[in-house]
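Take a look at the structures listed below.
In the two complexes that follow, chain A is the common piece, with chain B as its partner first and chain C second.
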Partner chain A sequence: MIARNSVGAGVLARAVMGLTLLSGFAFAADLKAPKQATAGESITITAADSGHLLLFGPGGATKRKVSAGDVQIPGEDVRAAGRYMAILDDASAEFYVVAAKPSTVNFLARPSRVPVSRPDAISGVAFVFDEFQNLFLKPAPVKFDLSVKENAPATRTVESKNGIAFTRLPSASKEGAAQFVASVAGGTPVRRVVQQVASDACDLRMKAQKTDKSIIVETDPIKDCSGNAVPDGTIVTFIEVTDKGRSTVDARIKRGTARAELPLSSNGTISVASGVVTGNELHLGGGQ
Partner chain B sequence: MNRTIPVLSAILLVVLVAVASRPQDKKAAAGTPDAAVRSFFEQVKNRNWSSAYSYVSPSSNTDQASIQRELGGKDGSLRTYSTLQEVQTKVLHENDAEALVRANLQWSTAVGASNSSRDVKVVREDGSWKVYWPSEKQQNLPPQVIPVNYLRWDIIRRGPEEDWGAQNVEAPKVRIISMNAIERDGRTIVMGEIVNEDTVPGFVSVGATLLGADNKTLGEESSFDKISHVLLPKEVSPFRIDFPGVKLADVKNVRMTPNSLLVPASADPVIGVLNQRIEKDARGHSMLRGELINQSGQTVNIPHVLATYYDNSGKVIWVADAYVDRALVPQTPVPFTADLREDVAGNVQNYRVTVNHYSLDKGGL
Partner chain C sequence: MKNWLPIVLIALLTLVYAAEKNNGPAVELNAEAAQPRQVEDVTEKAITRDYANAWKVLETALSENRTDQLASGFAGVAQDKLEKRIEGQRASNLKVRIIDRGHKLEAIFYSPEGSALQVHDTAQLEIEYLNGNSVVHREQVTQRYLALLTVGEDRWKVRVLEEEPQS
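Take a look at the complex of A and B:
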């Protein structure tokens, strides 16, 4: 019988609370609280009686002795966004705290290293937070800047959805450490570095010179199709095919060019390749 | 009588000890060419170099140290980690003065069994047969300084104090550029080539999963030593993965998984592969031969040759490897030989040889 009465009272209380929420205030018996508050800003709860006010929220719980009337809840007690519940004896009230204005972003930039001149190769994801590290769920403009050295930055402004803003940008045509920056108005920009590196070799060319003991082959300075120097250490394969057989040397680019020593021969061909890119071919004893 | 037995036993013991401890016969005698070669290699097997040398003809114009270096290894080469396991001999021809004996040798090495064959000339001297073993003339470089200024890549990874969004340096991007699956000797073999497309070195491995009907997994393996694991930027390596006991007809799908890790590496050493050619050996088997030359200044202790064979359409039809049992000292050519299967040899239109290198002070890098 008692249990049934308690259930009935609960249903009634929730119905009353629902009605009061519609009217802008939540109160249960003798507690009134605003329906919504902003993180970090103080709020006022009206209590009909004195006693111990308990406040439960996502960031913790507080207990304070209050007198009947308006009770000031300081901003630091409602920093965490989410649902709160105030309880005074057998009365209670619920309210919701939303994030304060955007002030910071957490920024993920991928990849850390990308070849030049690739469309949509760089992605940036920004998570918008207020100063109390609450995710800002309302739409907010996030600015993404991507710049290499002294070149003008590529800028894109994206409105966040549910706290997240996402963009894709092409890599620039010049190699170097690109500064990828995400920011919100009035907030601190967050910087990531995306290393833009030379792409595959382009127009790979070599020349050969006979010595007493061998043939020295050396490439011209190796660059990609945008004119960036292919990094030192990259493998360049020289292949000499003669009637004695085939000779190969996997040379490394050093100071922009690759060089190798091949067996001396008066006929045959020499070719050059780097990865899947092939270069010119030289005919020994022939035209070249 | 009671005293006689101990006294006789003591005398016998003294005689046996004296016989056992007498100096080795410096002029070991062999009655046949076959026995001479067998005895010589038996002593090599026991690493008894002075005794082995006693079977060598003085006309070889060699010394014991040269034979020891050649058959016992030096410079931390694979031969220094090898033991002669088995010798089979066959007299190819013989007359009163000389003979030719083929010795098929099986070595037990740190990387598995290694077989080689050598036709040994045997000469008759003073009534016994001796092995003619001319010393290998190895060019010795004059003392010099070889300046090396190749790149080395080191890595700084993100620290614990970075915020959670700060990115780490990523693993290099690698791509499988060709793949082929065949069946040989009751096993399915997946092979192909992989390239490091990035500008940084990587430690690379390739995994493969064979799927049968209803996507049931028939086998899962990864490349082991038939791949160059450390790939510098734009370097291409073959790979081969064997699935013993799996029939190709049962395979409906192959799932390939190329993996890469960013690792510190050095661009040194450069190893040239010279005068590669496919030819028949004395037994009529197809072999890929050539010479390796270390163009850097540091000794490579164990060279590992990887050969990729292509058909006339450019498809990879076989990947084989061979370890070279001699170290690569700078600027000195060293011959290598890699077996080529007879059923593949007829279709080979092109081939490519790459070299892995293991140095004692740097591991595999």
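Take a look at the complex of A and C:
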């Protein structure tokens, strides 16, 4: 019984000794870091032993001599968001750095040129970053403003997801350079210009005049349905169909109207079109 | 002649393995959940190819402390951060060696005009941390990344690459 006890005591003593050694070893190899930190804010790593502390991160790698105890890692060494690995001899500790508060956006606005009065014609994509160029992954409201000249802006606030917010906006009814702005609270707004141009011609009309050698056709001032002048250079097609055949002339809008000279004929029809829009038709003969 | 057959087969297999390794790690892309635009088949193939290339470039850069190839796979913020990382490794005589076991990508955002794509990447990696030429720590990890790729002049490049905290 005693022997058994003495054997039991021996086992117990050895176990205690083993545990002490083990815990001592574990303590020597111990390295403690916070599970998560914020970019640019200093953190404390606790080392159980002195030596060289290696720190590997997504934006840098450092080696520093440390003594046992608390080791301050300055904010500048943990600016990049992502996974960090601290190593001291056999001990290691991982931790994650997450983005600081949002401070800026990278902004894609498309297209750079768009016809007026088109639904969902303009798209804006904003990538939300903190001051250290880390994508801010938590939801954050992003404000999109689209304005032309003195008109009130069209505003939309969209919550970002995984660092990205996007919106689609209609183009305005008035032509001109639209200011498309994306911003996050407290951050610098980012501006893009979207040129809004007249849409397709609306109510395209022409008149004709016979001369001795030809027929001169000319349109009225060409405007879109919102009253914006269709840009000079836009092609307008005049087609004359007579019993002798068909003549087609492509003319460019110049100072708001398009003009062409067609072969002289006493019968037939003349039509006009710009893009997919057709205008009035004139019938030759009968004094016209 | 029969004696040569196994040698020829082994040589061929080695060549195939080397060719595969040369193309970078295995990358699978699931683009079904991409919003607001659907990813085209051609784009899927290009993303898979270019993301694999970026990781190959990354692995070489980190293990050899070289920055000269980074621009072929990375741009913008991601490239800047990697350059700083390698600069830090070089200054401290540290290196990281990655044995890449493959990536599973899930596309979550594809911009309306088709120039930016965001993916979640679940990567299987073996990572060795080196102090000088000595491996001081080795680990096998399943790591989640959030990557943003943008299309450049002739390929997609990684513009943001961040590890995500394990949930």
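Observations on the model:
Keep in mind that, in the parts below, the second predicted complex is superposed on the first by the 256 of 288 C-alpha atoms of A that agree within 3 Å, B and C clash if a C-alpha of one lies under 4 Å from a C-alpha of the other, contacts with A are read in each partner's own complex, and residues count from 1 in each chain.
Quick note on the criterion: contacts are C-beta pairs under 8 Å (C-beta built on N, C-alpha and C of every residue); 3 or more make two chains touch, one makes a residue touch a chain.
Since the structure is predicted, the reported quantities are computational estimates derived from the model, not experimental observations.
By the touch criterion stated above, A:Ala260 is placed in contact with chain B alone, chain C being left untouched. Within the superposed three-chain model, A:Ile235 lies in touch with chain B and out of touch with chain C [touch as defined at top]. In the superposition on chain A, A:Val276 makes contact with chain B only, while chain C stays out of contact range. Once the two complexes are laid over each other on the shared chain, residue contacts for A:Ile87 go to chain C alone; chain B is not touched. Once chain A of one complex is fitted onto chain A of the other, the partner contacts of A:Arg110 extend to both chain B and chain C.
Overlaid on A, the two complexes show chain B and chain C touching the same residues of chain A, namely 108, 110-111. Touching chain A in their complex are the following residues of chain B: 149-151, 153, 163-170, 177, 195, 197-201, 232-236, 267, 270-277, 290, 295, 351-354.
Contact residues of chain A toward chain B in the complex are 106-113, 190, 192, 197-198, 200-201, 231-236, 244-252, 254, 260-263, 274-276. Within the complex formed with chain C, the chain A residues making contact are 35-36, 52, 54, 56-63, 80-83, 85, 87, 92, 96, 98, 108, 110-111, 123, 125, 127, 129, 133-135, 137, 161-164, 166, 168.
Considering their complex, residues 36, 77, 80-81, 84-85, 87-89, 92-94, 96, 108-109, 111-113, 115-116, 118, 129, 131, 136-137, 139, 143, 146, 148, 160-166 of chain C touch chain A.
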